[in-house]
Amino acid sequence: MLHRVAILGASGYTGAELVRLIATHPTIEIVALSGDRKAGMAMAEVFPFLRHLELPRLARIEDINFADMDLVFCALPHATSQAVIRELPRALKVVDLSADFRLRDPAEYQKWYGKPHAAPELQAEAVYGLTEFYREQIEAARLVAGTGCNAAAGQYAVRPLIAAGVIDLDEIVIDLKAGVSGAGRALKENLLHAELSEGTQPYSAGGTHRHLGEFDQEFSRVAGRQVRVQFTPHLLPMNRGILATVYVRGEPQAVHGALSVAYEHEPFLEVLPFGALPSTHDVRGSNFVHVGVVGDRIPGRAVVVCALDNLTKGSSGQAIQNANLMLGAEETAGLMLAPLFP
Amino acid sequence: MLHRVAILGASGYTGAELVRLIATHPTIEIVALSGDRKAGMAMAEVFPFLRHLELPRLARIEDINFADMDLVFCALPHATSQAVIRELPRALKVVDLSADFRLRDPAEYQKWYGKPHAAPELQAEAVYGLTEFYREQIEAARLVAGTGCNAAAGQYAVRPLIAAGVIDLDEIVIDLKAGVSGAGRALKENLLHAELSEGTQPYSAGGTHRHLGEFDQEFSRVAGRQVRVQFTPHLLPMNRGILATVYVRGEPQAVHGALSVAYEHEPFLEVLPFGALPSTHDVRGSNFVHVGVVGDRIPGRAVVVCALDNLTKGSSGQAIQNANLMLGAEETAGLMLAPLFP
Amino acid sequence: MLHRVAILGASGYTGAELVRLIATHPTIEIVALSGDRKAGMAMAEVFPFLRHLELPRLARIEDINFADMDLVFCALPHATSQAVIRELPRALKVVDLSADFRLRDPAEYQKWYGKPHAAPELQAEAVYGLTEFYREQIEAARLVAGTGCNAAAGQYAVRPLIAAGVIDLDEIVIDLKAGVSGAGRALKENLLHAELSEGTQPYSAGGTHRHLGEFDQEFSRVAGRQVRVQFTPHLLPMNRGILATVYVRGEPQAVHGALSVAYEHEPFLEVLPFGALPSTHDVRGSNFVHVGVVGDRIPGRAVVVCALDNLTKGSSGQAIQNANLMLGAEETAGLMLAPLFP
Amino acid sequence: MLHRVAILGASGYTGAELVRLIATHPTIEIVALSGDRKAGMAMAEVFPFLRHLELPRLARIEDINFADMDLVFCALPHATSQAVIRELPRALKVVDLSADFRLRDPAEYQKWYGKPHAAPELQAEAVYGLTEFYREQIEAARLVAGTGCNAAAGQYAVRPLIAAGVIDLDEIVIDLKAGVSGAGRALKENLLHAELSEGTQPYSAGGTHRHLGEFDQEFSRVAGRQVRVQFTPHLLPMNRGILATVYVRGEPQAVHGALSVAYEHEPFLEVLPFGALPSTHDVRGSNFVHVGVVGDRIPGRAVVVCALDNLTKGSSGQAIQNANLMLGAEETAGLMLAPLFP
């Protein structure tokens, strides 16, 4: 049985990544693509790497007939998704890849995104899309909110530790290294090759990055009390990949054990042997997550490192994994592509 | 029906690329892997990006039982394949990815590789593995010789032009830009990140590159007379990808027409609209080839540009495509993965 | 004696490169900087890598007092220089880094740049800034036109060969590989790190690149007859550097000899031993040019390869070298910085 | 007055960087170069980027006449310096760039480097080469030990904070991002372009990196009690540059103030305005260090970020700065080169 889907915002990186993954998906068929400023163009013009595929032309959202579809992937820019999704037929399932429905609390949304939410009723309904921790709710959901890519990397390292009670909740430092595609196809000087290659720098430091809203919401929920982490992301000269280096207080072996147990049956989560740490090279272009733990020389302290591909497991791969659950397909369908190395 | 295969030389890049592609191949199963110096190790230790797969441990070739296999991929270093393949059971089909069986003429082999061939009888039997031009012979072959990756790129640009008689055979210049993985996992100073990134240089210039042996053999065969091209490869700071910029004498539209006709029904060859030229970004990690043509301002001259991924279509993807034909599988099985972009 | 200069257009890459080089120049002092859209800002805000220097703030051109200056470097965008330079005091020497005064013939300017020249009287006066070939005129000039960076690389490889009569004038192919800073600080999708790194593609192919105007003008002038070359530039994933691979017809040793003689006493031109070819890695950040020659296996054909840094010798270093001559300073003053490797 | 120097170990990156910097140094003259395995070769063969310089050929150390020299830079591999330096004439000043004399305590040396020190009497005499904090001792020293490049970056961020008493000494986390040239010209798979570009990973995590020996020694000395930090270095796809992100407990403004005061008169240390954080792009190829501070959202916590070039300020630039002091030259002589950007 084929599932008919539309991708809204197909001219950005997460939209293109959805198309890339669906290209070899056994049961999902793309029947509409939107791309506002590029409406009317063929995808092969916008993304020549997709030219071997037969795809619908980019259309304006208002010209798309959603009548006979099963699901919509909404890869629109932050703050524009909410209005669009509100207008979609209620019968349609929706996976949103923007930040619009990640935070459940309207006040938190306003705090981190600077304006009131336009569809608070949907905000309440949306399920947070970190598949491994919300699987049952996602299966039953109409609207799933894709997580932030950095937020996903941090949570894969930390959530099981909070749940297992093996770390100090007040002493969590997440130092994160992110590839540039996480910033999207934005025309900014600091994203130019000439200014980004061969160097690195922090950004949104000091507790100002919006994904902190997700950390706060999710970690506090798991802990049953307020948890606030320190978080410094860095921009690296690589296109894909996030490496989260997390400093925690807890017995290293207990930390490793909690992760091993939590991910034992997960198809995409690989916990490395104790002492081994992951590399973003080993997950590039794939839906896999590698997590490793090492003990510090200072007793009672551990370093947890998590690597994933921001566009795949951090965004579009996660979206397809969730869509698979929502559509009743095999959860891993279309997602078992091995990473690209070298 | 499953096809059982071994990969000899699985600890190098082309070996790992075979595993990557077979990971999602519907009918090929890997039953043995060899890696001489790394025998005994798990693939996850040698290539952590493959750790989600259940794979046999690396073995020494002499410890592999070839009895119940259908096909062997031989990804050993140049000059070592010939002795190994000579000892394999005759019932086994073999796809060799080394240079050992690319040249049919023992004298040419000695000229370009500097020593006599150890298995000239197999040399005569081997079919040259440029799929689109040897499809029927490959289907019937026991031993197929994978092409040089640079040689493949140049031939996709030029062969149909020679066959169609639309270019001057004595005025062909191939200026080629190659990613570093084509040099293999070799420990050389010029392949270090510090010495390769952020710059470029030619190598094996002046008619000394070994892939000229393939150009000579194949172009002369198609032309029915001796054809010798100029060929300058350059090493670029990118891991995958070959871009061949070919300067020819001929009517540009006729050149474009000859390519369009030749590749009209080919599943992996994409001829761009006249005037559009390809980018290696658009084929990375895939089995697709993009070819474009532009006319020069000097009448009667054209530039043909061909882009492919050296490890995929230039090597391991080609090998699987050929194996599919030899095994009676769907030619494109396991190879429709879209390129990775960005 | 100090020379007082202004840099107009200091917020772009060539402007910043001028400041970088002048930072250790013994006799040049920067007394004014312009940057239209960033007027009022400190250079340390626009280019933090210059924050250790005491520099004037960016001003609007109309707010600069040119009264007591010796020379102006004009690093404004193409087509805007001509109007600005026309209004500068006649007593001021000017080195223009834009394309505005490279072509002497107004018709050629219009052909390549698409509109009439606004200051044809200055166009006639301007001296073409390829220092090694116009040294005496530059010493006496009021207005010197910096060359195109690609045009410089091609000319260093070819000019002496035309002058010495050792090559066929109708069979010159220049295949060029260029780093991305040559495109300036422009906000374009294809210059983003995510779309440029790890791949390559041609641009302005088929005889459409504007630097062909310079090749036509200069090569024809040296030859005393019309010379038209083929020229295909490629964009490479590197920030600095141009490698021009030039295919010529001529005796390789004669070709090497002509270059060796021409550059024997040049402080910045290094001709490699016959058979050795240069790398852009070896000139990065410097004013040096490396040129090498190899003979092809086809008799009577040679490949000449030239490497330089587009921002230094291809633009701002050349500009300072010319300014040194115009100001009566040591020609090499401030320019003997060794390349940055690795 | 010219200072005559030798560089031992000139075929590695730090040796080449010394030559690069000395090329425009006003008073230092290179009179001998050693390179064991490459003895007899010209530097232009080993490092073509230096071919414009007139340099002595590489010699074996035993063939060098040290009689009329002022100073020797010893850029030999770790553990080989100590035996060589012991044999040098006592009248010679020595700047050692290896790890051999960084630790004063023989027991600490053995702990971190795995064997007894061969010249413990020199170990006691050596002055630790972090110029800004040992300036007077360096001026008077015969033997100065260059610091680890990572150790330098961490100390520039933290030393003044310990000295000023503005941070908690038991809660210091240094998460460091390092370019690949810090690993030297070593032939290792993980340093190949194909395995390093486009990704990142930690190394020597969990308190095992040897530069911890320096942190322990120096921080404890400043504090007057034992201080042990957490330290996780990461390998980044960039050739030069170190970014140390340091998590401390203290009032952010006090932290910024302590750094501002400490570096107020330092020629190479730039403290950014409060809230601004540095980039390695802005110090590449230079002797400058940029330091920034931001306050975390959690009160009483701050993030200090330090950027420097590992080969320049982290190694060879530091060595020349120290040599300048030892030779009575201007401290900044030859070191005011602006960074290379882009």
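Order of writing sets the chain letters: A, B, C and D. Residues in each chain are counted from 1.
Keep in mind that, in the parts below, a contact is a pair of C-beta atoms (placed from the backbone, for glycine too) under 8 Å apart; a residue touches a chain by one contact, two chains touch by 3 or more.
Fair warning: this is a prediction, and the values are worked out from it, not measured in the lab.
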Chain pair with the higher count of C-beta pairs in contact (A-B, A-D): A-D
Of all other chains, the one whose Cα centre sits farthest from subunit A: C
Distance from subunit D to subunit B - Cα centre to Cα centre, in angstrom: 45
Distance from the mean Cα position of subunit D to that of subunit A, given in whole angstrom: 39
Distance from subunit B to subunit A - Cα centre to Cα centre, in angstrom: 36
Two or more partner chains touched - positions in subunit D: 13, 181, 194, 197-198, 237, 239-240, 278-279, 281, 284, 342
Touching residues (chain side subunit A, partner subunit C) in the complex: 13, 180-181, 185, 187-189, 191-194, 196-198, 237-239
Complex interface listing, subunit D residues touching subunit C: 13, 16, 19-20, 23-24, 47-53, 181, 197-198, 239-240, 268, 270, 272, 278-279, 281-286, 288, 290, 336-342
For the subunit A and subunit D complex, residues of the former touching the latter: 173, 175, 177, 179, 194-195, 197-202, 205-208, 212, 228, 230, 232, 234, 236-241, 243, 245, 247, 275, 277-281, 284, 294-298, 301, 303, 305, 307, 342
